[in-house]
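What follows is a group of structures, each given as structure tokens.
Here subunit A shows up in two complexes: once beside subunit B, once beside subunit C.
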Partner chain A sequence: MIFLLELKKILSMAALWSFVALCFAFNIWAIPSNLRNVDFDTTTPFPENIFDGYSASETADVYIAMFNLSDRVADRMAIKHEALQAAANERAAEGASFSPYLGELTQVMHLNLFHGVAGVLGRLLFQGMLLAALVALLAIGYERASNTEHSIYTTKKGRGLLRSKIAAGLVAGVGLYILLAAATLAVYFVMFDYGAVWGNNVSSGFNYVIDIIGARPFITWRSFTVASYLGASIGLGLLLVVCFSLMGASVAVFSKNGYMGFLALLLINALFLAAPLAIPMNTYSYFASFYSPIWLWWNSHLWFTDGGITTLWRHFELWGTGFSFLALAVTCLFAVKKFEKRDIQ
Partner chain B sequence: MRVVANELKKIWNVKILAILVVLCTLLFAMSMNDWIRWYPREDWIGNIELAHHLTETYGPNLSLEDFEDFLSYRDVITAELDLFFEANAFFANVGIYSYNGLSAFRQYYGAQFETLTPSQRRLWYDVALELGYIVRTEEYGDLTSENETPDAYNKMISFGNIVGLYQTNIIGEEDWPAHIDSFMATMQLSERETTRLTEIRNSSELNSILPQHTLFYSRRYARGLALLVILVTLILTAPLVTTDRASKVNWLQYSSKEGRSILKKQFAAMLISAMASTTALIIIFAGIFFAATGVHGFWGNGINSFLGGAQFYWLSITFGQYVMLMAGVMYLLGIGTAAFAFMLSRFSQGRMRLLFKVIPLFVATLNLSNWILNDFLAIAIGGDVSAQMFALAISLAMGITATIFTICKENWAELH
Partner chain C sequence: MLLLDNVTKKFGKFTALEDISLEFSNGVYGMLAPNGAGKTTLIKMLTTLIFPTSGEILWNGDEITKLDADYRDIIGYLPQDFGYYKNHSPRDFMLYIAALKGIDQATAKIKTDQLLETVGLSDVKNKKMRKFSGGMVQRVGIAQAMLNNPQILILDEPTAGLDPKERVRFRNLISTLSKDRIVILSTHIVSDIETIANHVIMFKNHKLLANDSPLNICETIADKVFETNNITAIKTPYLVLTERQDGGETLTRFASEVDCSSLASPANPSLEDVFLYIYRDETL
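Then we have the complex of A and B:
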């Protein structure tokens, strides 16, 4: 019952819904207009099997030479690419390369949908993360902002409200992300007809990744169709949104007000983003620094692939999200325990 | 004034300032610093080092007489290169003792490359590697050099580039058209754009010495700086009015005539803070950029230049004036942001409600800033300059007008 009341407090805020509406409007406005009336070729297969004879170890060698990786870091990069070779062989056997996907415009459209910063899903995920954090700050800072904390938090029952608030913030954050994603993607798939494309393999020969060493095939660890890749990306994005809700909740418990809490979150994530600059590249720590939630969002267009130069281990997105979730859940629990014994100021 | 001073104290909160200092440092390290690191000051690609030499020797413009004098500078560079080859053991071993020797080697081997023996081909690759090049070969794959290209060699390539660009764009001696003619032939231009480009072509504006990379990198850096200006202005000034309203202090303030004018003073404090923070950011970060890159060496050079590639500008101004105009845009963005932040803050009952309004304001202002500063004042590529300036002016006018209206209405506002 209290949980529902807390949820109602959050969702009854007009400014929140205006924000969500603006996010939706921004998402629609940001879809490139020059691609809207294009006739995509969804029938002509890619002419060759690019995975037949593909050598992942050559890519590893280039990375190792270009960045002067050595010792165990170089070994790990080589091991990762040995595993990638196995994935490439599987794609070769399936004939994934021949998938038409969206023809010559596959790479552009794939990034248009999946890119971490400039793509629809990337924008949605960022908005979801932001909403989750803000809603957590709102939920937990509500009593202080309304000057009711001195009466509410003087009792044990009152202190227990925090758990309901965290849960309400989490549910609201996730719910808003799902709502925004559903609305935006509904419009997107009306604009771009993916009817003939859902069953195509994302590792089509028309699709590729461009990074510091040039263009290379888009190889996923397991076979994904466009539909399953979209589903997996949205699902993992949900977990990342949960991470940001927990982050917002942890910060909100310790901060003076929602505004300072937001600034603290901004600072924490800016520190995470800048961390790789301060760590020597030839260390495990450098590559581990890309497992923070904000970097996972930044690299979301590489999810379920080898991740390029920024990862040494397989399934970086799953490990990173899992570790982040565990760490933030523990932090949140710690914050709750501290709060239950804290003096009211 | 005392009230304004007290409001300023509220805005310039030590904790928030500390967070901003760290945030600005991080944002600088993550993005703006790249435009300093990558600035090709010594690389032949930018022709920048030699452009500095030209400016120091001949002033902001290169006339035909100056150009003819400049042609003799080749001898100076050749002499520097000869010293390099004489002192280099590798080149001595292969019988190249001077720049002319290298040129002869290149001509001879280059003409018969397909028929060279494997050892001759290896020599060809090794010469390139010794000069600091990355070499693509059929036999050995990509070969990377551990050497740095000698400064004098960069200068020689740059010299050739600059001579070629002057001959193409000013004298019209070369076989291919001037950049401005290609630009006019290939781009879809309006009548106004064509008129302006014709005006540039028929004037001596293009004699100016200003490399395109100098303008490009300065613009990209300015775009990053504008982000900092908007962010700092919003974070500092947005919560001022909301904080009073959240704690119901306005009930006490509005009980007196003096108190009714508090909003006016708060807005004044916000504007002063916006101007002060913008000034501080420009001094610090523009100072870092100028010190690190030396672009201020081109301060008096016109922005339409024979070294400018395929970019031409609406105004016949110097690089220094261009930089000042970009700074002016940042000030206007800062003031406009403060005005809108004031409006949002006035109508927000709590800081969280304020955040839900301020974040879209940040996104909108950032998009406006990027739209204007991306290719600032560039013809065709930079977008419709009139529309950009109109959008900036109208946003500023709307913000200020709405603010003044709200302040005036506040004198008779009923408290809720």
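Then we have the complex of A and C:
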């Protein structure tokens, strides 16, 4: 009951809906117009099996030499690439390389959809994260902004209301992300007909990753079709949105007002983003610093792949999101406990 | 019974209230002190918004922080500077507060309508509060405080910002609501307390100064209050309490430690006299 009332309060904020509408309009505007009327070749298979004879250890050796990795870090990098070799062998056996996907435009279109910063899903995820954090800040700061803290927190529900606010903020944040994603992707898939490619393997020979050492095959740890890769990306994105909701809630409890809370959130994420610059590369901490929520978003086009030079361990996206979720859930619980014992001035 | 046992509240190095012991049973208690004396601090502790640094507050023998929701279930609180949702109607706001007070929906609707009737807001119960006057907002405030029929009703500066007509109406309302419960009223408007309180609590220098009936409190400066239309004739030290025009002359009411009955008429001290006398050194 209280949860629904809090949810209603959040969803009654006109500013929130205006922000969602602006995000949607931006997402549609940002879809490259030069690709809208292109006929994609969705029938011609890639001519060779690029995973046949692929050597992951060669990639590891290049990374190790290029960045002069210490023995300990180099060993980890080699172990990761051994596992990647096994995944490449599986892709070779299933013939993933022959998948036509979107022909010669596969890589461009794949990034157009999945890229962390420049892709549709990346933008959606960023907006979802921002929305979730803002909603949490607004939900928890609502009483302070309305000057109703004294009436509200002296009722029977008392400070326990904070839990309902956090839950309502979380549900609203996730809900708005789903709504925004559904609306944006619906328009996207009307513009680009994926009807023939949903079942194609994303590790098609036409698809590749470009990083500091050049182009590499797009190798996922397990076999993904375009549909399942999209689903997995949206699903994991949801968990990241939840992380930002928890982050927003934790910050909101300790902030004097919404503006300060928002600034604190910006600062925290700027620090996370800058962390790799401050940590020596030949340490595990350096690689662990890419597991923060903001870096997970930045590298979201590499989800379910080896992650390139920024990660030493398999499934960086799952571990990163999992750790972030746990850490933020504990932080949020701590914030709730602190709030229960804190003076409300 | 509500009991404060040696309660002290500090904010860092600043002591807002020191070693306060008080007992409340049914009746209207008026807390009278200048701004900043610690009235709101005490009220915030009574409403569990802030916690004592030392000492304890007990309701029927149990510490209120341990009673938690059970204690908050029996209090009604109108905060100083009562905040509300501007886009809500009084009815919607009351129903929301009722939900937070754990009142079931059906009862909440009945109770809300009854209370809005009591405070004279029935005709605007579905109008948004954005355009309400200060008096109307205060009436919503008192109505929401009464939703759970509280055993302890706490009102912090309830008449602040009200015009005289609204103030009288408010006093009458509080008087009506004060049956069979503890009403704790904080104000620096003496006439509010004089009218409705049967106990007066005063603080000075962040400590409890008095806790007695208005009559007994007034007795503390009996024989010290005088009136004269020729104040220049008074040569002993005195404190001017009030001045008023009377038949074309200025009648000065003053307090003096020395008997001035030969030069001025003795007067019965009022609560306002006591207030001005006690807090003569403080900025009011």
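Following the convention adopted for this analysis, the second predicted complex is superposed on the first by the 342 of 345 C-alpha atoms of A that agree within 3 Å, B and C clash if a C-alpha of one lies under 4 Å from a C-alpha of the other, contacts with A are read in each partner's own complex, and residues count from 1 in each chain.
The rule is simple: a contact is a pair of C-beta atoms (placed from the backbone, for glycine too) under 8 Å apart; a residue touches a chain by one contact, two chains touch by 3 or more.
Remember, it's a predicted structure, so these values are computed and weren't measured experimentally.
When both complexes are overlaid on subunit A, subunit B and subunit C end up sitting side by side without clashing. When the two structures are aligned on the shared chain, A:Thr154 is found in touch with subunit C, with no touch to subunit B. In the superposed model, A:Ile2 makes contact with subunit C only, not with subunit B. Once the two complexes are overlaid on the shared chain, A:Ser285 sits clear of subunit B and of subunit C alike.
Judged by the touch definition given at the top, the superposed model places A:Ile344 against subunit C, while subunit B stays out of reach.
By the touch criterion defined above, A:Ser70 reaches neither subunit B nor subunit C. When the two structures are aligned on the shared chain, A:Ala270 is found in touch with subunit B, with no touch to subunit C. In the superposition on chain A, A:Gly258 makes contact with subunit B only, not with subunit C.
The three-chain arrangement built by superposing both structures on chain A places subunit B and subunit C 100° apart around the Cα centre of subunit A, to the nearest 10.
Put simply, the nearest alpha carbons of subunit B and subunit C end up 6 Å apart when the two models share chain A. Put simply, subunit A uses no single residue to touch subunit B in one complex and subunit C in the other.
Subunit A contributes residues 13, 15-16, 18-19, 22, 26, 65, 130, 134, 137-138, 141, 145, 257-260, 262-264, 266-267, 270-271, 273-274, 277 to its touches with subunit B in the complex. Remark: subunit C residues 44, 47-51, 68-69, 72-73, 75, 77-79, 81-87, 96-97, 99-102, 141, 144, 148 touch subunit A in the complex.
By the touch rule above, subunit B contacts subunit A in their complex via residues 15-16, 19, 22-23, 26-27, 29-30, 144, 235, 239, 246, 348, 350-357, 359-360, 363.
Within the complex formed with subunit C, the residues of subunit A that make contact are 1-2, 5, 12, 143, 146-158, 160-161, 341, 343-345.
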